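Each in structure tokens, the structures are laid out below.
Both complexes shown next keep subunit A, but they swap its partner, so subunit B is in the first and subunit C is in the second.
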Partner chain A sequence: MLWYKAWRETRIVTLGGVAAMAIACGMIVWFEHAMRDNAEVPMSYVAYIWKSVYNSIGRDIFLFLCVILGGGGLLQERAQGTAGFTLSLPASRGQIVFWRAVMGYAGVVALALTPAVVLPLASPYRNEIYPVSQALGFSLLWAGCGAVFYGFTFLLAHVLEGEYTAILAAIPSLMFYGVLQGLPWMERLPMLNIFHVVNGEDMPYFNEGLHLLTGPLPWLPLGAMLVLASGFVFAAGRRMRLRDF
Partner chain B sequence: MLWYKAWRESRVRFLLSMALIAGMCLMYCLLESRLYPGIAHETPRVRNYIQYIHWTVFGGATRGILQLSCLLLGLGGLQRDRSQGTLGYTLALPVSRTMLVLKRAGLGLGQVFVLSLLPPFLLTGASLLVHQQLPLSYGLPFIPLWTIGGFVTFALSFLCSVVIPSEYGALALAYVIYIFALAAARHPRLAEYHLHVADFMSGNAPHQLDPHTTLWTGMYPLTPLFGFMAAGLVMVAVATMVTRRQDL
Partner chain C sequence: MLERVIQTDALTKHYGEFHAVNALNCSVRAERITGFLGRNGAGKSSTIKMLLGMIRPTSGTGSVLGYKIDDPKQSIEIRQRIAYVGEDKGLYGYMTVGQLIWFTRSFYADWQPDVEKRLLAEYRLPLGRKVKALSKGMRTKLALLLALARRPALLILDEPTEGLDPVSIEELLQTLVMAPMQGTTVFFSSHQLSEVERVADDILMIDRGVAVLDMPLEQIRENYRRVTFGFGHPVPTLPQLDGMERVRIEGRQVSILASRNSEAIAGMGHEVGAATVDVAPISLREIFLETVQEQNKRDQEAHWEQTHALV
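Coming up: the complex of A and B.
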């Protein structure tokens, strides 16, 4: 039942996030004529979707919700005075952390898949087509990169006490990471730039002219991201094991 | 003492936000020699130090952090007291719910104002250390813009925190509404009203900053200033009304 407890804790953000993402994608599709007609540079429907969903509003909502989903955990329960009840359950602390991480990441995956469902279904209502394969490809990229954002905040939430402290520390840390990408030696390793991997910008698998995923997806970096995120969760679990409540 | 209660509840977030904004200002200023070439290379409009500071601080990532801080500062209140089991103590105080809400909102406005004060003064001083010049008169006009724009963001999450019982849910909702509002402000039918709060805070509403030099033109956006302030006050008023009638 630990998974159910974790689901109860994350469901508002998960379901609300999925709904918000679906509404955002739906509105982006619905207003495509008005936005494209007034754009400074004429663009195709596929380019408009990439710029609006995968390089702007949708991505921003997704990344921020990944961070929020990672913000819970035993330390936050301690602040609310419910940690004692959770720790008295007949389960190890490792199991509690594990199931919280799994259910939170399930929320990340649900968020990542939402555009892949909404965009291909909504586009025909505007007499447009958005390929399912493209939407699924971006969902995979989001799920892989989102794991790192989620895992990093998850670790912070198990290290830093105080409500919202993990979120307030995670966002600037990730922005600082973004600033580091401007350094010359980092530019030589483009796959280290998660902000570009997540939407394909400047990546060999993304055609900037067509705004389509054309090459094979970066399976190795995506796998490495999942391993890194698992490492964050493992570190959070170890931290909780030694913690005196 | 209600001020003090509200301060105790929000001081960690506030002090952390102060440290973050100050840290970002100092980082962009003191590391200017390393960061400027990359930013100038990628951004055609950045051609001098003032444009670089505007791109990174007044109209860039630091402004984003201020808005995030405002979103976080707006959270809390009676719903959080309820989830922590301390609601009974708060409601037992010999004060009305209206006073509880208004004192918290007032402190929030003060905190946003203090956060807005940091960049102009810090950057003017730190620029001298790297042999650059940023006149204080350039940064000062941003203070009202950041304060009012930040207050709107604060009021949004303040209202969400009153309505949504889950704290993280309130934060998520506030952020999503904020993003939706920014997107809606870009819609061609609404674009002429200049409702984009981030543009307003950056001084990018029409006729404020010269788009070529990024210097002040001398015209100050008083109408949007009062408009955004009114929007923030309305949200606080709605939050007060909801709290008064809430069955807690």
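Coming up: the complex of A and C.
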């Protein structure tokens, strides 16, 4: 039943985030005419969706919520005064960390899938089509890249004391990571730029003219991201195993 | 059946320079109620947390119900068999009372639905209310319900009556008294010495992380006495006899806390020329104060000196 506790801890962010994402996607679809008519350069509906959802507000909301979802765990519980009750349950610390990580990541996946549900369903109401395969492709990219942001914050939340310290530390850390992407040697390794992998920009699997995912998805980098995120979670579990409460 | 449900051997916990628990040797007898006493910072909560596996001992060992406290796997077995109510009574504020009961129940095979119903009615806990909306007293009652609605081998309570109204305290004390009859050992810490004296069979008192008294309450009542001498002249040098725990001299009055041998101590008073010799029973509260007060004063002085040295 630790899954239930973890679900209750992440429920508000997950459901609220899914709702916010769905509304944002819905609004983007609904106002597509007005937005495209006022655009400096004419663009296709698919390009408009990519620029608005996958390269702008949708991606930003998603990455921010990944960080928020990662900011939980036993140290946060300690700050809230509930760690004593949790640790008195007949469950190992590893199980507690594992279920919190799983349910938090389930929230990340739900957020990643939201545009894939909303965009293909809402587009016909504006006499447009957004391919399900495209939306699902971006969801996979989001789920992989979001795992790194989520896992990194999750690890910070199991290292830094305080209720929201991990979130406050994660945001500038990730901004710093963004700044690092401008370094010349980093530009030679485009797959290390998660901000580009997540929306396909400058990537071989993305056609910049059509704004469509055309090549095979970067399965190896996505797998590596999941491994890295699992490593963060594993490190968080190790840290909790030795910790005094 | 185990005769000793809790046993510690030189159990020690240091937080840097601070020695919270200092080579503690103690044992708790099965199917009895043990009152765990000590002033603030004496090491009670640290001891309890080590027993539950929440903190790791710096050195020494301990066992609960025969399971080693420093083995993570055995620690889970311990928590499966015991019930615990912590000092802060921190429960998940985002769950309702009903959800928290349902969640907690899922971990224990020995959950007693009839006891749960009885306690819900007794404590008048609203099932649909969020835990964060409960008063401190109601939260304490909920924490007690979660612990008492089972048939644990051992019940560990850290300041269980804190925040409760007098009627609830009375009901809780009655529940604790009944627990050993159902095979449950009770180990509880409290600063309410009158409550401890009412229900405890055994007393374990610690100070600065060391056991200073570990004895059945009955034996304490039988043996502990306050022996007072009054002199018509300045107090002479008193010989140190067996059982003289504390000697306090104020003017021409001598007050001795005797843990045993009070008759011989009284006889010594007559021998050294005391005009009056009085032997009186002593309450647990007086024993506690006598035992920890001097150390408390020394600690306060040391702290004062340390603070002023820093200034």
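Going forward, the second predicted complex is superposed on the first by the 245 of 245 C-alpha atoms of A that agree within 3 Å, B and C clash if a C-alpha of one lies under 4 Å from a C-alpha of the other, contacts with A are read in each partner's own complex, and residues count from 1 in each chain.
The definition used in the following text is that contacts are C-beta pairs under 8 Å (C-beta built on N, C-alpha and C of every residue); 3 or more make two chains touch, one makes a residue touch a chain.
As the structure is a prediction and not an experimental result, all values here were calculated from the model.
Annotation for the three-chain superposition on subunit A: subunit B and subunit C fit side by side.
In the superposed model, more residues of subunit A are touched by B than by the other of subunit B and subunit C.
By the document's definition of touching, of the two partners only subunit B reaches A:38; subunit C does not. By the touch criterion stated above, A:237 is placed in contact with neither subunit B nor subunit C.
Legend: residue contacts after superposition of the two complexes on their common chain; A:81 is shown touching both subunit B and subunit C.
Seen from the CA centre of subunit A, the centres of subunit B and subunit C span an angle of about 80°, rounded to a multiple of 10.
In the superposition on chain A, A:73 makes contact with neither subunit B nor subunit C.
In the superposition on chain A, contact is made by A:92 with subunit C only, not with subunit B.
In the superposition on chain A, A:4 makes contact with subunit C only, not with subunit B. Judged by the touch definition given at the top, the superposed model places A:104 against neither subunit B nor subunit C.
With both structures placed on the common chain, the touch criterion links A:162 to subunit B but leaves subunit C unconnected. In the superposed pair of complexes, A:245 makes contact with subunit C only, with no contact to subunit B. No C-alpha atom of subunit B lies closer than 6 Å to one of subunit C in the superposed arrangement. In the superposition on chain A, the residues of subunit A contacted by subunit B and by subunit C overlap at 80-81.
Those residues of subunit A that touch subunit B in the shared complex are 12-13, 16-17, 20, 23-24, 27, 31, 34-35, 37-38, 57, 60-61, 64-65, 68, 71-72, 79-81, 162-165, 167-169, 171-172, 175-176, 179, 182-184. The part of subunit C that touches subunit A in the complex is made up of residues 49, 52-56, 72-73, 76-77, 79-80, 84, 86-88, 90-95, 99, 103-104, 106-108, 143. Contact residues of subunit B toward subunit A in the complex are 12-13, 16-17, 20, 23-24, 27, 34-35, 38-39, 42, 61, 64-65, 68-69, 72, 75, 80, 83-85, 164, 166-169, 171-173, 175-176, 179-180, 183, 186-189, 191. Partner subunit C is touched in their complex by these residues of subunit A: 1, 4-5, 8-9, 80-85, 87-93, 241-242, 244-245.
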